[in-house]
Amino acid sequence: MHGDKSRVIVNGAYGKMGTMACETIKKHPTFELVAGLGSGDDLQTAIKDTKAQIVIELTTAASVYKNSLIIIDNNAHPVIGASGLDANQIKILQDLCAKKNLGGIIAPNFSIGAVLMMSFAASAAKYLGEVEIIEAHHQQKLDAPSGTAIKTAEMILKARTIKKNQLELKEIIPGARGARFEDINIHSIRLPGILARQQVIFGNTGETLNITHDSIDRSSFMPGIILSCERVINLKSLYYGLENLLD
Amino acid sequence: MHGDKSRVIVNGAYGKMGTMACETIKKHPTFELVAGLGSGDDLQTAIKDTKAQIVIELTTAASVYKNSLIIIDNNAHPVIGASGLDANQIKILQDLCAKKNLGGIIAPNFSIGAVLMMSFAASAAKYLGEVEIIEAHHQQKLDAPSGTAIKTAEMILKARTIKKNQLELKEIIPGARGARFEDINIHSIRLPGILARQQVIFGNTGETLNITHDSIDRSSFMPGIILSCERVINLKSLYYGLENLLD
Amino acid sequence: MHGDKSRVIVNGAYGKMGTMACETIKKHPTFELVAGLGSGDDLQTAIKDTKAQIVIELTTAASVYKNSLIIIDNNAHPVIGASGLDANQIKILQDLCAKKNLGGIIAPNFSIGAVLMMSFAASAAKYLGEVEIIEAHHQQKLDAPSGTAIKTAEMILKARTIKKNQLELKEIIPGARGARFEDINIHSIRLPGILARQQVIFGNTGETLNITHDSIDRSSFMPGIILSCERVINLKSLYYGLENLLD
Amino acid sequence: MHGDKSRVIVNGAYGKMGTMACETIKKHPTFELVAGLGSGDDLQTAIKDTKAQIVIELTTAASVYKNSLIIIDNNAHPVIGASGLDANQIKILQDLCAKKNLGGIIAPNFSIGAVLMMSFAASAAKYLGEVEIIEAHHQQKLDAPSGTAIKTAEMILKARTIKKNQLELKEIIPGARGARFEDINIHSIRLPGILARQQVIFGNTGETLNITHDSIDRSSFMPGIILSCERVINLKSLYYGLENLLD
């Protein structure tokens, strides 16, 4: 019998991430994939029919908010991976979950490694004031710096208690010292042969500390999705950021 | 007047570390170097004469225990960098400090970067089961693996909750997969042009997380000594390991 | 008209490499894919019918020799990627090509980056005697060290004119210093999240030189296959190793 | 007897590099240090008195040209490490050596590792069009990018035959994509705990090739000075760039 397995719906099952999520849930010993829904399926009906306990929401920015409301309204635990929610929408969803004591997660990034990298960078910033960030991506990513690099800089700035050295820079060629996010320099590489990498380098007297996260495949998001499914069952509210599910 | 400055003795002031520690304390705005002692000086007399509040103990394995007893007996805060204390001696020193509510620190490694690296490795091990360690040192370091690599492995094993994959290895040339400390593989590089490096690589589906500490100069120990001097004044017991002074 | 395009057959078109090779040739402006053959197709008939000028041979170790004979016998330029040829077979194929002044290539590794890495390692070894190799692969690769690591060590040993320091090693845990291929230490990492990486570290007084090749996808072999197809047309003999096609 | 040893003068023997060069020559089995000269010594007299065969010139930008003329005029082999010679002066010195068939070397960088790094970068650029450069230095180096990074970019541009992809960049924060030297992006890191590092990353379909040179100590220049002394004896002209002495 399947009594021990949590029943999971993947919404947005036909995209790259959704296809991979379905395969991952299918193979997992403690979860049962009860439905993989595309844009033509009705989410509310599916939750009711399958008695789904968890819905992994991987649709588009345009539909994520509406779908999240349906998931919560039907008492399923939301595991929301699609970006596109604004701060106000997140607040409304969190309030709804709080009233129901319903556990869930909204994660802009499901990679456990990336979340740990950012968390360690923030911890190190308490003791090491000098830091620069290098991010490298494939050439289809034209925006620079990456959102993850900016978020990392924000977390470092928030955690930092030590003043950074003020250097009297002289850029012989403009841009050499990278982008400045407040006083943190961020450097963006765009090359083929790289999917996504982020490196945070802390410099201190006579030593450096490097924290580097490398992603070579979208499968890197699967362990974070599984961890989320495992945890939301026992949570009583809707968290924003995978780091909140790591102890 | 010097009323605001903490009075510091460096014991073992003529070794490489001691010389550097004296220079560092001299230049620091909130500490005053009241004595730099060699093997011919009397530590107890010096503490009494200078009214030293902190003693940085950097002598040899042979004399560190005896000196530590004198420091505590004379109510100075010990900052003990020399290795060579066994578990029993550490226990005795901690008991003596506890009775006096005297703050102090025994640190096998004063590099803040190295301590953070080990701490992050232990944290990551809660979520990422697959890990290997690479350490690289100059060619005068003949023992392999390094003490720091082994300590890192111990901390990972203690923190780890996930099982590691069991691989059916086939070493075409013996040693290819490195030293095994329980199920953690450790690889030791010995090359000129490197002082001390340690890298912990966590592998996960589609992603890797690298935490690397690099030391190019003994000066890397100075920030940890300063941090210790700043903290011991307000502590009430004797800590073992710099990580305990990081929040 | 297609007169300017070289006519290419991919033999072994339904494997992972073959499928990718077909797509690559199709998209290329100066090549025309005239056939993609599976195990049921007759290679000799296909060459004759299509007037193929080049055959990319990507079948199995069991059939590569027989197929190579057919390609040469029918005056097509062989681009042979499948491993499984022994030294004697290579010699026979080279003699056949030499008699016909027929250009071709047998490449154990079609990655241009990997070939450059090995070539640079050999060049550096003329000046820098101290070197170690670290290779890292996914956990399905159980043999250690990798063939590429061993080949790199061979090339370094052949090029090296300087004696390496003899260290009096003391392995606290056996295997710490890795596999020894003559006096070159090779370290093998096996972790998820890595496809294939190889790093050669040269150490010298006060400096290190790192040459690292990273492959995250089988597509890394395609530029080498294209380069081979471009060059074989103008060659007069059968080369072993892609490095011979790089100037 | 010393008959087999080449007689060497170090000019500028009291600077950091000069002191190290004197020690290095003294310890070397095939060279004899016949004089270490400071600013008060007369170079011409010293060459004549000591019958020096080689002069290592490590003085300042202000005096290097004048000293080089004296060295050549007195038929000693010049090993010129000081920068500060312009193109015209180099030409004059080369012409003088050519007339006398006198071997010598002018090297802006005596690190063998750095020279190999640049040479490999130029070689790789023949096959791999996509490349970026990251250089990292201590915080006292305020100019960015470094001279070595610019020289590497020049060598790559000269060697490159393949067109680079034109990306439609969007810098969310100005400078994110670094300095552009023609179409090569250069990123400059300035952190404590680093002396000098330079990394060249080539990206290709599915693969990257990294060539990284790390210097942690000025002693990294000594092997290049020794190599130069060994080679100039048998040369017949004055070379510019250590790369010309590597085969």
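Couple of notes before you dig in:
Order as written gives the chain letters A, B, C and D; numbering starts at 1 within each chain.
The definition used in the following text is that a residue touches a chain if its C-beta (ideal position, glycine included) is under 8 Å from a C-beta of that chain, and two chains touch if they have at least 3 such contacts.
Since the model is a prediction, treat every value here as computed from it, not as a measurement.
Across the two candidate interfaces, A-D and A-B, the one carrying more C-beta contacts is A-D.
Centroid distances from subunit A, each centroid being the mean of CA atoms, peak for D.
The distance from the centre of subunit A to the centre of subunit B, with each centre set as the mean of the Cα atoms, comes to 35 Å.
With centres set at the average Cα position, the gap from subunit A to subunit D is 46 Å.
Multi-chain contact residues of subunit D (touching two or more other chains): 113, 193-194, 202, 204-208, 214, 216-217, 220.
Residue ranges of subunit C in contact with subunit D, taken from their complex: 111-114, 116-117, 119-120, 123-124, 126-128, 202, 204-223, 227, 246-247.
Residues 113, 193-195, 214, 216-217, 220 of subunit A touch subunit C in their complex. Contact residues of subunit B toward subunit C in the complex are 130-132, 134, 136, 139, 142-145, 150, 165, 167-181, 185-194, 201-208.
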